[in-house]
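Going by the order they are written in, the chains are A, B and C; count residues from 1 in each one.
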Amino acid sequence: MFDTALTSTDLIFLAKGAGMTLLVTAISVVIGTILGIIFGVIRYQIGPIWAAPLTFVLDICRSIPLLIQLVLLNAFFGMVVGLRWPGLTVACIVLSLYTSAYCAEIVRGGIEAVPATTRRAARSLGMTWGQDMRQIVLPLATRVALPSWIGLALGVMKDSALVYVVQVTELLKSTQILITRLQEPLFLLLICGAFYFIISYPLARFGGYLEKRWSND
Amino acid sequence: MIEIENVRKSFGQLEVLKGIDLTVKKGEVVTIIGGSGSGKSTLLTCINGLEPIDSGRILVDGTEVHAKSTDVNKLRQKIGIVFQQWNAFPHLTVLENVTLAPRKVLGMSKEKAEEIGVKQLTHVGLGDKLTTYPSRLSGGQQQRMAIARALAMSPSYMLFDEVTSALDPQLVGEVLDTLKMLAEEGMTMICVTHEMAFARDVSNRVAFFHKGVMAEIGPPEQIFGAAQNEETRKFLSSVRQ
Amino acid sequence: MFNYTFQWNQALKYLPRMLEGALVTMEIALISMVIGIALAVLLTAFRLSGNRILKAIAQTWVEVARNTPALFQIYMAHFGIASFGIHLSPFISLLIGITFNNAGYLAENFRGALKAIPDTQTRAGRSLGMSAVQSFRSIILPQMLRISFLPMTNQMVWAILMTSLGVTVGMNTDLYGVTQDLNALTFRTFELFAIAAVIFYLITKAITIGARLIAARLFRY
């Protein structure tokens, strides 16, 4: 198995793929989180009826395969609108929206976990809505939301493997290209899997640890 | 007959039973009183083999509970136990709670088990709650259901471990009345309890446990009227306040 | 810009073929769930067992399933297994990949659910003369499945979405595969995938609503 035709050039090729995976993930998680917080707060603030259109759109992002979302938006920009955007841009737009859909749920759950009595106490002390949000809700909701958010970020990294469909060569696609050339599927897949695992596993454990610690007090 | 001979039991450093001897004859009602941590509840869980013991032995109808060759599942059919926390099975209706063990353990048919279940539940005053789920019952009703559940296995002995301690005060009476009824019917019972009036009314003998030792045992008139042990008198005067 | 003419009729005439694909998609998801639940119960038992080898197997399974992309797992089930000289059909590879993923995630859920059931439940069963196995089957397992019902529903939705990945190992009879083939034939990419999206959306909604109805019937306590 270790008798391989893999050259250092190939390894650099894989590393570039890994870099692309991390880049797409980072951009999408940052934008998606910002959008998710905005959407989550809006949904909480204006109530379920007024938020219904937003809820519906976000629900769609969670109910159809990411692959189709990528193909559809790519086709929409390319064929319908006639914009020749690079695959990376489309990938980041779709993944950001996808992230925001899940993030909005996490944010809403976090806000709802803050007891109404605590908030009333804050307001009764003369705090404004903004002060209440920043000083009371944010710290308390973060505790509830952070472990889930870590899980979401890792999920986005894993799901970013699908952006190959809009011609972005990320890690798994790079691996597949090498597999086709070198015909060593198992070895190459193990390298690729190890990369994902090494990033995901410690962070997932950290999230689990936070969840356990914070749920005890 | 339950024979407890020189039973010792420790949890780590703490010795909770320091050589207990007690024999309970058929038809007898023995109540065990004492402060918390006196070992009285541990003794009950040892009698039906839920807890192992360190030394001594416990015989139920001549069968040694903790012997390797003993089939504890078989033995437990003879010994019903009801805990402080009633441990209702939340996913089953009241009737299903009661019929589960007869069906699974005794291999009874559904009809036969239900016949017994209805009888026992009616007996404890829950005949109108058969298809209700436990979450809809009060604590006292759940505890009576737990009693019916144990009775449905037709045990020869019943052990009651502080069955009223977790109940709201106004619900204690209905559960104690059920126990009294069982006692009057001749069930052999060992009750660990904090209810002194109950202990005085139903017991043939009352045992006082203190720091892992059975400090005194005797008929209720003796324990409550003329206790011979200094610790018994101290304990009783403390609970009477 | 915006001089594109939508040709829905041209795409819609393929609807019957796409619906057939949807059936295959649901079939794969359902089979992978049934086997996945059974395997997850087994993995949970392994993790609770005292046997270190069984524990290690279960632990590795769960962590790999949760910490690598589903697409990677499907590649492994296809190209990885193929390197041992075993060439599986795309259908089987996809099924194995999704089942592996389902089992790993569900096993983790089951473990969490078990933690939520107090030990005294087993104790109550044992005190009635039930054996450890009887107590687990009649008392613990039903409660565990109830607590895990919502996560199981979510996993079922995931399984539906994951079937779209089969196309990467040559699957072309599921909804995504059929759509892709039709796209190569007609180039009505947007229309075809939009229809596929609607079908996927309706399937996942049906699962969520169906699960809610089943839960209401099943869990009346």
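One rule holds for everything that comes next: a contact is a pair of C-beta atoms (placed from the backbone, for glycine too) under 8 Å apart; a residue touches a chain by one contact, two chains touch by 3 or more.
Chain by chain, the UniProt names read as follows: A = Amino acid ABC transporter membrane protein 2 (PAAT family); C = Amino acid ABC transporter membrane protein 1 (PAAT family).
It should be emphasised that the depicted structure is a prediction, and the values quoted were computed from it without experimental measurement.
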item: Maximum inter-chain contact count - chain pair; value: A-C
item: Chain nearest the overall C-alpha centroid of the shown protein atoms; value: C
item: Distance between chain centroids, defined by C-alpha means - subunit A, subunit C (Å); value: 20
item: Euclidean distance of C-alpha centroids - subunit A vs subunit B, Å; value: 56
item: Rounded Å distance, subunit B centre to subunit C centre (Cα mean); value: 47
item: Numbers and ranges of subunit B residues touching at least 2 other chains; value: none
item: Subunit A residues within the subunit C interface of the complex; value: 60, 63-69, 71-72, 75-76, 79-83, 154, 158-159, 161-162, 172, 176, 179, 184-186, 189, 192-193, 196-197, 200-201, 204
item: Subunit B residues within the subunit C interface of the complex; value: 48, 50, 73-77, 80-81, 83, 85, 87, 89-93, 100-101, 104-105, 133-135, 146, 149-150, 153
item: For the subunit C and subunit A complex, residues of the former touching the latter; value: 1-4, 63-64, 66-72, 75-76, 79-80, 82-84, 157, 161-165, 167, 176, 189-190, 193-194, 196-197, 200-201, 204-205
item: Subunit C - residues contacting subunit B, complex; value: 118, 120-121, 123-131, 134, 138-139, 142-143, 146, 219-221
